[in-house]
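Below are two complexes that have chain A in common, paired first with chain B and then with chain C.
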Partner chain A sequence: MQIEGKELTKEEKQRLRKEKKQQKKGKEKKDASLPQVSVAETAAPASQLKAERRARQEAERTSKQSKKGDTGQPATTSKPKIPPNELQPGTQNTWSDHPHHMLYLIKQWLSPEIFFFQIPRRLDYGYKVSLFSHLLQYSRKAPLTQQLSIPSAVIHPAIVRLGLQYSQGIVAGSNARSIALLHAFKQVISDYTTPSNEELSRDLVNKLKPYISFLNQCRPLSASMGNAIKYIKKEISNIPSQFKEDDAKKKLLNCIECFIEEKIVLAAKAIAKSSIEKINDGDVILVYGCSSLVNHILCEAFEKGRKFRVIVVDSRPRLEGREALRRLVQKGISCTYVLISAVSYILPEVSKVFLGAHALLANGYVMSRVGTSQIALVAKAFNVPVLVCCETYKFCERVQTDSFVSNELDDPDDLIVTRKGETQLKDWQQVPRLGLLNLVYDVTPPDFVDLVITDLGMIPCTSVPVVLRVKNVDLL
Partner chain B sequence: HKITSSCKHEATLSSTNQKAACSRSPGTMPGPYRETDLTEKVEAFLSDLKRGGSGTGPLRGSAETARETTALLRRITAQVRWSSAGDLMEVIRKEGRRMSAAQPSETTVGNMIRRVLKIIREEYARSRGSSEEADQQESLHKLLTSGGLSEENFRQYFTALKANVIEAINELLTELEGTTDNIAMQALEHIHSNEVIMTIGRSRTVEAFLKDAARKRKFHVIVAECAPFCQGHEMATSLSKDGIETTVITDAAIFAVMSRVNKVIIGTQTVLANGGLRAVNGTHTLALAAKHHSTPLIVCAPMFKLSPQFPNEEDTFHKFVSPHEVLPFTEGEILSKVNVHCPVFDYVPPELITLFISNIGGHAPSYIYRLMSELYHPEDHEL
Partner chain C sequence: MELQAVLMAAGGGSRMTDLTYNTPKPMLPVGNKPLMWYPLNLLERVGFEEVIVITTREVHKMMSTDPKTKLDIKMKLDVVCIQEDGDMGTADALRHIHQKVKTDILVVSCDLITDVALHEVVDLFRAHNATVAMLMSKAHEFTETVNVPQRDFVGVDQSGKRLLFMANEADLEDGLIVRRSIIRKHPRMHIKTGLVDAHLYCLKKAVVDFLAENKSISSIRGELVPFLVRKQFSKMTSGQKRMDDTETVDQKNDGLTNDDLFFPSRDEALLQLAQERSCWNDHRGDMSEAYHGGKLRCYVHIMDQGLCYRVNTLSAYIEANRMAPKFIEEPAVHPSAVISERFQMGSDSMIGAGCHVADKTSIKRSTIGISTTVKEKVKVTNSIIMHGVTIEEGCNIQGSVICSNAVIGRGADLKYCLVGNGQRIEPEGDTYSNTKKSILLEVSVTFGLV
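Then we have the complex of A and B:
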């Protein structure tokens, strides 16, 4: 295939645009649900040109893989259905053919950013329970980046690595994920160069969009990550245009460092200080799963000399409690370990329950690992106080009343277990009416929670919107 | 007589009365052979009970245990020498104590023994010609006016007593065989179409109940897997093979999905005298979640699971199994520094239960004490 060079002549650009329009009309007859092309077409001309250039580059690279259809049909305005595999003739049978095929490939993927930047969509896996059919369910074993044709051209390798770490569960826990995300963004920013005719404040934000979509595909973004991203985008767009590139990048890196330091590290220290007042000698404290913040609090309290013992409650299939158990035992804290089904047995011994949170919603509900609401429920029934520890950067504007509308579905194969040599659910896919549900989060109503300990102080669950408002006022 | 030698050998089956020879029913084998055969059976049963305590449940279901116990008691009645009802009751009590001690958590054994004792009392009273109710009035009025409980020593001898008792035990056996079917027959009265039903772990009664309803109605079942034994998996595969839409969830998700559940139907290991349950662990959480969402909690329990125990024995209520189910030995270094608990049962108080479905119909938890007084005599509550 001939390579035409990086610059398009004006007429070629026009022809390309015309052909794209016709392709689009043909495609619209086929399936009437892709308005994204029009969105893309109405984008700024500069980015469209750039996209076309990039599209052409991709076409050259994918030309070896793509098959050439028949060179049939006239490219004129007759509107029969143009089968997507047929390529339109042009006077040059070269690169101009491939953008259409490639455009077709692109149009299979949904969002506008994805349309431009070819981030493949992960496929759903397995039978989905009908109540949750609006959520996505992935298999951990299905390879994620196989369809990514040329990742480095579009997505920064640090982001690809991060995405893989998220999807495999190597980086888990909302604080860990946020910090990893911010570090990866620091990498991206330091590697970034502003293209000519572009302003850093606008272009960088656009660059980040596909990265975020990609990470969302790997694993849905958590509320803490969402807030971090919002903060970064705001910082970027607030960079005055006089700044030189190096200064701007330095400022941004600084901002990110500040964010991590203030909102995560110092907040943890502040929360630990408040919580230690709530831990008395002789306490029996119940914790669930592995929350980095709660572990930090307990270790600090133990170092300060408080005498208490901890009961770690764990649940299948993640069994994160074992990690918490290891950390606490290493410090020398005496621990007991049970599964969540034994919570009613062990609760009469417990004096306090400390829970971590994934996000605090604006109506006072606590979103956390699945099972937290259950523990809060049983603790309430036994009159044991429940304390939730949460940094303010996890407060989010969303409201939710149940665990169905917005949740995450994990790989259903995790539920399969082999006991005594028998795996009951081995062939669950073949059984027609059997579904496995592996929820990740659930919401706890505010009447089960007695106190929320944040870096701004100890507040009741219902004061979350007040804090959000105060925070927003501060940021302005 | 040859009996004395075997008596020394089988000290537990002591029956001293020589006059018992005439009360032997025709056709039974004389000699020491049948007694050893009987004790063999008893020992085999006891070792089965002991072995069945591994936590995944007994080696057989409770219905089978109840049947085996009753069959064994029938044998004892038939083959052991006894002259009066009192002797028989002594024998059965002794055997019963041994059997209960073999596996204290398997309460159906004790329940069957008490049922048989009650049968003996009834038959004795009938043979004597007096009505049973008069002897069993527990009301205060009767206590005061009759001057204490009637002195009943069951020493009278009746010819037909043995035959009557054996016949009554046979009736009990027939009743036992039909319990699951009786309960399943009531399924259509409780399940409407398009329901979402939640259950936990594996109960053969509930399985039969749901399968019977599925023949005529379409509904969805959510099964909580009940770690660490994960018996919910077996239940789910069995239900889905019968054409019921099933979903398996983890124990942690019980409260999360409870808001969409219409009914909770569970089985239990024992129904206690106050109407509470001793059920598989995780059931208390399930009951609390159902109460929070005002979802009815229905317990399918046949009558032989009703036990005259109360849940206030703190030490004997819970049963534990090996903690390696919870934290396996592969976790090496931390194992020695950590206490691990793996309880098998949960107590569910009667306030959380809406309905009991048994083979004789549906009852509220507040009615259980009456049923108990019909099944067992108060003097037998302590074996």
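Then we have the complex of A and C:
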């Protein structure tokens, strides 16, 4: 009897606990689908209780999934540095089938608060080489603007223009992309008006999320852009709520200008100052592709009177070295131009290699234009010092040891070339086992890099995590 | 707001007066819809919500009252009426609505029927921060081989997108002169003559402001666009330097510099910073930066596939009618038409609302307008029948255009004719036929203007 009593009370206690939990959940979710356990029920055996609990968990799971389906992609793609394999290329966005008509109808009968604008998904193009099938590959001939309405009302026109410039390659290069991004954000912030009952610090961040996902669709965000976005979001959320809208906007615009001034312009000046010490008279410097920072360094060194000559190494399909060549020759620096296949031929003449970086990873690897690791490797074989120039805002916490796991695939049609009227690869899609691969980035291990020149000074490659740690402490 | 759409619907249709002396051009039925509907449909499909329509009072009245010319457009139309007999060119019309223009504009003409992907033109405008972006199309066979002095010369660069040169033969007295500055910057230029100008322009707001100050320009197509194209290559005056002597010679009538047209966008310095660091150039082979440092840029998108018609001549009108079913998603036979069973209809034909078509008629490759009556044993081939027409029994109509409210008497036989508005053809009339395939104005003495 006593034992029974104890059992009863135990079950009663369990039931009471369950009811309390349900009441709490009921207040949060207002979900009527949860089964209500009435107080008057007689003691149920443990198995029934377990079954009830399982049923409740199932109901919660299905309700959570249906909610996820509503909010969809913008939530997940808002994170600035998502590696492409987190995006699900398989999920079809039905909005992309009938974009304008649907948007038009829905805009009419849904109020703006309920209306979640889903960025139309850009479709994959062509056959992807199996090792890189987790990455996204787009065609330049199918821009994302095809699926948007023309007077873009939902996405700010400055952002649409920026996305177009990214996808067509008009704004290319890590620094240029970040500056253009901040410029567009300045316009967005100036045109922004806080809706009533909303706070600027929270609403503006939400406004920026679809823009960022749009830009990500046009071209995957770079590490520098990701850091810039993080900085802006932090600044926006730190705006005290008593600020008036105009003051808040002015403060934000000021912050952006400071960021550009400090992290990009002044950093370039500091790096140039440090690098000039490393450039001696009579040097033969090898550069690869077109890095705005390296070009700046060389031009500054030339102006300061150092005597050196430059060898510009270039690679297809981008052939960015031509632009670097133009800028250096315009300054008056004597240059040689070779393609990357001739690098081992030309290296005996070279005394130093200056490389630019797209990002510096936390394990000391340098992520840069595809071909950089080759140059670093050959330079190491010839015992030529390799110096990487990189601003600290490009340091990122990611860790990567190979170029497969996370990369960017450019338009494969760029590899097609027409010589003497003949285009050999015109129908490459019809050939069954042929895949065209146009990689954009690769990673160079720290063993090949002798020095990293940053605005904090000249550090070895392995000190990158220290810099990151120090930076994070600053931010906090 | 990014772009405002402006529809120019005040044109007179000077090249097809036989059709337009009674019906204004924007209201001419093409595929049983008024001509204006096509550009408005294009704008609506693409996502515009508001259009400024510049038109005459007559057209405005017809738009709102006449059920036959109902427009069916969900967008908000802001109608601006201007005098129809005034010599208002398209640029003058833009000057007239200068106050309403708040951002960049997209100017469309009412006689444009096209299925172009509009984002191609607008993307050029956006991506390159262009001053003007326009649409052109390769001409189709039906357009009359143009009378010789009217050829248009269009020069584009190697990529086919940048507009380097545009002139009409009538303006070139001594031959085609290409300035050295153009050749120096773009050594490879393709000059094309067989292009149709679709009269679809994206213009920067600064251009509209410029028009408001310079009252000498009256036509967009004829004066403004060639002016802007020429201005791309005139000597740049930077902020510090002032105009030098060569400048004053160049700009005898203009009296303005590139700086006026180049409206500095916000944060110009920042944009310059981004451009300097970007490793992109639109040309290669010389030492200059992207766009040769020029701030004024004109772009063109040349369509080689797809439909693009300017309905400003009679033959264009007929061809457009033939192509119209492709644009309209409605069924070829309007549900409210009363059609008998024993009746043959080709697949390219269209029958409008409220028609009565009797037995034993055959309608092939034709368009029958709203509220027309077609009696028995009528054969209609390759023709355009407008609204309210009555065709009595036994008629045979081939390759003709019958305007609104005409009555074709019994047994008439018309080949390649144009019957004016409200005319009557006597029953058992003689076979009227034109031996030339093109349709003539005057047919016979029994027709007179009512």
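Throughout what follows, the second predicted complex is superposed on the first by the 356 of 476 C-alpha atoms of A that agree within 3 Å, B and C clash if a C-alpha of one lies under 4 Å from a C-alpha of the other, contacts with A are read in each partner's own complex, and residues count from 1 in each chain.
Following the convention adopted for this analysis, contacts are C-beta pairs under 8 Å (C-beta built on N, C-alpha and C of every residue); 3 or more make two chains touch, one makes a residue touch a chain.
Source: prediction; values computed, not measured.
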Practice task
Considering only the touch criterion stated at the top, classify A:V294 as touching first (chain B), second (chain C), both, or neither.
Solution key: neither
Practice task
Could you say whether A:I271 touches chain B, chain C, both of them, or neither, answering first, second, both or neither?
Solution key: neither
Practice task
Please indicate which partner A:R322 is in contact with in the superposed arrangement: first for chain B, second for chain C, both, or neither.
Solution key: both
Practice task
Check whether A:L208 is in contact with chain B, with chain C, with both or with neither, and answer first, second, both or neither.
Solution key: neither
Exercise for the section: Mind working out whether A:G173 is in touch with chain B, chain C, both or neither, as first, second, both or neither? Expected result: second
Handout entry: Touching partner for A:Q187 - first (chain B), second (chain C), both, neither
Key = second
Practice task
Please indicate which partner A:V160 is in contact with in the superposed arrangement: first for chain B, second for chain C, both, or neither.
Solution key: second
Practice task
Once the structures are superposed on A, label A:S373 by its partner contacts, choosing first (chain B), second (chain C), both or neither.
Solution key: first
Handout entry: Which superposed partner A:C335 touches (first chain B, second chain C, both, neither)
Key = first
Problem - Touching both chain C and chain B, counted on chain A across the two superposed complexes - result: 322, 326, 329
Exercise for the section: Name, in rising order, each residue of chain A that touches chain C in their complex. Expected result: 100-101, 103-104, 143, 145-146, 148-153, 157, 160-161, 164-165, 168-173, 175-177, 179-180, 182-183, 186-187, 190, 260, 265, 289-290, 292, 320, 322-324, 326, 329-330
Completion exercise
In the complex, chain B touches chain A at residues 225-230, 233-234, 236-237, 240-241, 243-257, 259-260, 281-282, 284-285, 288-289, 292, 318, 326-327, 331, 334, 337-343, 346-347
Completion exercise
Within the complex, chain A is touched by chain C residues 1-5, 45-49, 74, 106, 117-119, 122-123, 126-129, 266-267, 270-271, 273-281, 284, 287
Completion exercise
So, in the complex, the side of chain A touching chain B is made of residues 129, 131, 315-317, 322, 325-326, 329, 334-346, 369-371, 373-374, 377-378, 381, 402-404, 415, 417, 419, 424-425, 428, 431-439, 442-443
